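This report refers to the structure that appears directly beneath it.
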Amino acid sequence: MRTAIFPGSFDPLTQGHVDIISRASNMFDKVYAAIGCNSQKKPLFPLEKRQAWLQTVFAQNPSVEIVTYEGLTADFCKRNNIHVIVRGIRNGKDFEYEQQMAMANRVICPDIDTIFLVASPALAHVSSELVREIYRLGGNYDLFLPKEIANL
Amino acid sequence: MRTAIFPGSFDPLTQGHVDIISRASNMFDKVYAAIGCNSQKKPLFPLEKRQAWLQTVFAQNPSVEIVTYEGLTADFCKRNNIHVIVRGIRNGKDFEYEQQMAMANRVICPDIDTIFLVASPALAHVSSELVREIYRLGGNYDLFLPKEIANL
Amino acid sequence: MRTAIFPGSFDPLTQGHVDIISRASNMFDKVYAAIGCNSQKKPLFPLEKRQAWLQTVFAQNPSVEIVTYEGLTADFCKRNNIHVIVRGIRNGKDFEYEQQMAMANRVICPDIDTIFLVASPALAHVSSELVREIYRLGGNYDLFLPKEIANL
Amino acid sequence: MRTAIFPGSFDPLTQGHVDIISRASNMFDKVYAAIGCNSQKKPLFPLEKRQAWLQTVFAQNPSVEIVTYEGLTADFCKRNNIHVIVRGIRNGKDFEYEQQMAMANRVICPDIDTIFLVASPALAHVSSELVREIYRLGGNYDLFLPKEIANL
Amino acid sequence: MRTAIFPGSFDPLTQGHVDIISRASNMFDKVYAAIGCNSQKKPLFPLEKRQAWLQTVFAQNPSVEIVTYEGLTADFCKRNNIHVIVRGIRNGKDFEYEQQMAMANRVICPDIDTIFLVASPALAHVSSELVREIYRLGGNYDLFLPKEIANL
Amino acid sequence: MRTAIFPGSFDPLTQGHVDIISRASNMFDKVYAAIGCNSQKKPLFPLEKRQAWLQTVFAQNPSVEIVTYEGLTADFCKRNNIHVIVRGIRNGKDFEYEQQMAMANRVICPDIDTIFLVASPALAHVSSELVREIYRLGGNYDLFLPKEIANL
C-alpha cells in the first residue's frame, strides 16, 4: 500500500489545503492529513476545531485519514513507515522554504522524499496566515474557508 | 473624480513611500495616504508623529489627503467608495506578498483593484523594517528618511 | 482626460491580455491597446488577425482604442502625450523583467510611469509564448484564447 | 497499477534527470522516461544516443520504461492513460516555468496532475542547457554526465 | 593587508557558515568571524558557546579571527577600517534580503562594499533558523552542525 | 598578488559593468576585464569596439587589464592562475543563473571561486540585452552607456 502524508497546522484549514490533499488522494492509497502539535507555537484555533474541520471535509474520502503528531514530521514518518511527504506550493517564495525543508528531511531520513503540488490557480491567494490576519482585523474570513466548514 | 489609496503603517515614513505616493498623485485626482491603525501591531513611532510626517511632506500636494483607518483596507475602501489600491514593489519577494493581498482583496470586494508601482532604483533598498532595525541597533537612521522630516 | 497604454505583440491575444486591458479601462478614460510592430521579430499570427481579435473583443468597450506602432514604446508615448504604461504580471520572473523595462522607460522619458496589475488567478498560466508552443506542437490552443475569438 | 511520466528532451541526459527518475520510480509502479521529439527543436545529440543513454542507466530498474513521443505531453498522457507527470525543480525560476506548464496541462486535461521533486543539492547546478553550453565552448562536459554514460 | 568581515549571530554555527568563512579566507589576508551581539534579540545558544564553536572550528586557520561587536555592522567596519563584508547566499530569497542590506550599508558608509558567495550545493539546505526549529521540536540537530562541534 | 577576473561579452559595455569592475578593483591587486570570444554567438558590436570602450573607460585604473579569451572561463582561469571570478547581480533571476554557473565552475576546477557584487541601485535597470533591444528598435541607447564612450 502506497501512503503519503500532508503535514500542517491547519490554523485554519483552507481551500488550498483541501485542494492539495484531495489531489494527493488520487495518487496514493492513503494520505494522512497530519496536524502537527507543537507546544511552542500557539495556534489561533483549538486542536478540536481543526480536527473537526478536516473530518467534515474529508468524511466521504476513505483515502484520507486525520491524525495528530508532535515533534519532527520526519520522525513521525519513520515511526509510521511513511516515505512520501506532500506539500503545496503557491509561488517562488513558498518553493524556496519548502526546498530547504525537503532537503533537511532527507538528511534526517534518506528514504523519505517530498513531492510538491502546485496550488490550483483560483486558490493561489489563500494561506492560513492571510486568513488569520483577516480574522484579527475583524474581516469576513469565512470567504476564504472551504464551504463545508465556513460556519462550523 | 478618480481616487486611489496608498495604505501603510508608515512606521516610519520612508523616501520609498514618498516616491510612490507622489507618482500616484500624478495619475489620480486624489490619493489617500492612509495610516492603518491595528490595535494588535505595536508601532515603533506614535501615530501623531506618523501623521505629522505625512502632513509635512505632502503639504504642497493638494491631491494627497492623509487619513487613518482601522480594520481591513478593503472594508475602508468600500465605505469610502475607493476602487484603486496603490502599492510599491521593490523586488520579487515584495511582489509575491503583494500579489496574495491583491487577490484576497478582490475576493473580499470584486470591484477593488490594486496597481503596483516599482520603487525608483535609488530608493529600492529602503524599507520601514530596515529603518526600524537600524534604529534599534543605534545607527543613524535619519539617512533613510525623507529630507523634510529627518530631524522632525 | 487620463489615458494609458497597454503595449504588446498579442501574438496571440490571450485571456490574460483581455483581463488586464479591461481592468485598466475602469481606471482611465482611455486605454490604447497598442500592437508593437517590430520588423525584426517575426510574429506567428499576421498583424491583421491580431488587430481583428482586439477589435472583436473590445467592440463594446468605448474606452479601449486599438493602435499599432513601430519602435520604442516610450517614443510612441512621447509623440502621443501618454504618461502611463500598463503591464500585467503573473509571477516574480515576469516582475523582474518588467521592473527593468519600467526603469529604462523612465530614463528615456522621466514623465512616463508604469503601473502593474496582477493577472487574475484563473488566468495566471496563460502566456502568448505558451499558446505559441501548444500551437507548434499541434495541441488545441483554442482552449487558451478568449472565447470571442476562439474560432476566429 | 500506478504510473507516472517524466517527459524531457534529455539533450543530454544529466545526473539531475537520473536522480529524479530514480526517486519517482520508488513512488510509482511504472515511470515512463519519455523523450519528446519535436520536429521544430533541433537537438544537439541524436535521438538514438539519447535512447541508449537512458537504456544504459536504467537497465537494472524494471520500473522505468523508455519511450518516445511527438506533440503535447498532455496528449500522450491521454492516449496512454497516464495521470501523473513528474518534473524536477532546481530553483525558483524553474518553479515558475513549471507552474505555468502544470496549470496549462490541467486546462488541456483536468485529470492529469503534475508533481515536483526538488533536485538533490549536489546536482542542483546541472542542467542540459549548461552541459550544451560547455560542449559548445569545448569544455569537458563529461564531468556533468551520469558516470555510466560519460564515455558512451 | 586586505581584510574582510563575515558578520552573523552563529546561533548556532552551521556547516554553511564554515564553508563561506573558509572560502573567504582564501581571498583575503584576514577574515573576521564577527558575532553580532544585539541586546534585543535573544539567542538560543549563549555567547560563550558560539565563541567556542568558532574557535574550535577555525583553530588551524590563522587568517580567521573571532570577534564580537554591538550595534551596526557598518559602524564596526568604520571603527576597524574594514572595507569588505562577506555574506553567503543560498537562494533568491536570501539574495533579496542581502541586496537591501548591502545597499543600506553603502548609504551608511560609501566605502564599505559587500561580496556574496554562493553556498556549496551540499550545504544549501542548512540555515541556523532551521537548526533552531529542529532543536525546538526535539529532533537530532547535531546532524546539521559542523562535525568538530557536533557534541560540544 | 591577488587577482580576479570579470568575464563578459560587453556587447555593449554598460554603466553596470563599469560599476562592478571598478568596485572589484578596490578589492584585488589586479582585475582582468575579460572579453569572451565565442565563435558561435554573434555579437552586435565588433570586438575592436568593445576593446576600445574598456580601454577608454579604464585608462586611468592601473589595476584593470583588458584581455580576450576563447572557450570556457574556467579553462582561461586555470591557464592564467586566476582563482576568483567576479560577477554582478541585479535581481533574483540573475542570481539563479549565476549560482548555477558558479557551481559548475567549481566542478570543473575546485579551486576557482566566484564572488558576487550587487549592482548599484541607480544602475540596476541596465543590461546589455536591454541596450541591444533599444538599439534594434531605433531608440537612443547612448543614454545607457558610460559617459566616456557614449559617442565613441
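We call the chains A, B, C, D, E and F, going by the order they appear; numbering starts again at 1 in every chain.
In the analysis below, a contact is a pair of C-beta atoms (placed from the backbone, for glycine too) under 8 Å apart; a residue touches a chain by one contact, two chains touch by 3 or more.
In this text, all values refer to a predicted model and were calculated from it rather than measured experimentally.
J.: Counting one step per pair of touching chains, how far is chain E from chain A at the shortest?
T.: When the steps are counted carefully, the minimum from chain A to chain E is 1.
J.: Touching chain A and chain C alike: which chains?
T.: The shared contacts of chain A and chain C, listed by label, come to B, D.
J.: Could you tell me which chain lies farthest from chain D when each chain's centre is the average position of its Cα atoms?
T.: Centre of mass proxy via C-alpha means gives B as farthest from chain D.
J.: Which listed pair, B-E, A-C or B-C, shares over half of the residue-numbered contact pairs seen at A-E?
T.: Of the listed options, the interface copy of A-E is B-E.
J.: Could you see whether A-D or D-E has the larger number of C-beta contact pairs?
T.: A-D
J.: Please flag the chain sitting at the greatest distance from chain F, going by CA centroids.
T.: Computed centres place A farthest from chain F.
J.: Using mean CA coordinates as chain centres, what's the chain C-chain D distance in Å?
T.: 33
J.: Report the inter-chain centroid distance for chain E and chain F in whole angstrom, where each centroid is the mean of the CA atoms.
T.: 28
J.: Listing for chain B: what residues touch at least two other chains?
T.: Residue numbers touching two or more other chains: 91-93, 96, 99, 102-103, 121, 124-125.
J.: Pull out all the chain pairs that touch, please.
T.: A-B, A-C, A-D, A-E, B-C, B-E, B-F, C-D, C-F, D-E, D-F, E-F
J.: Considering only the defined contacts, which chain F positions touch chain E in the complex?
T.: Residues of chain F touching chain E: 2, 23, 26-27, 83-84, 89, 91-93, 95-96, 98-99, 102-103, 106, 113-118, 120-121.
J.: Per the contact definition, I'd like the list of chain A residues that touch chain E in the complex.
T.: On the chain A side, the touching residues are 38, 40, 71-72, 74-75, 92-93, 96-97, 99-104, 107-108.
J.: State the interface residues of chain C toward chain A in the complex, per the touch definition above.
T.: 91-93, 121-125
J.: What residues of chain A sit close enough to touch chain B in their complex?
T.: Residues 90-93, 124-127, 130, 134, 136-140, 143-144 of chain A touch chain B in their complex.
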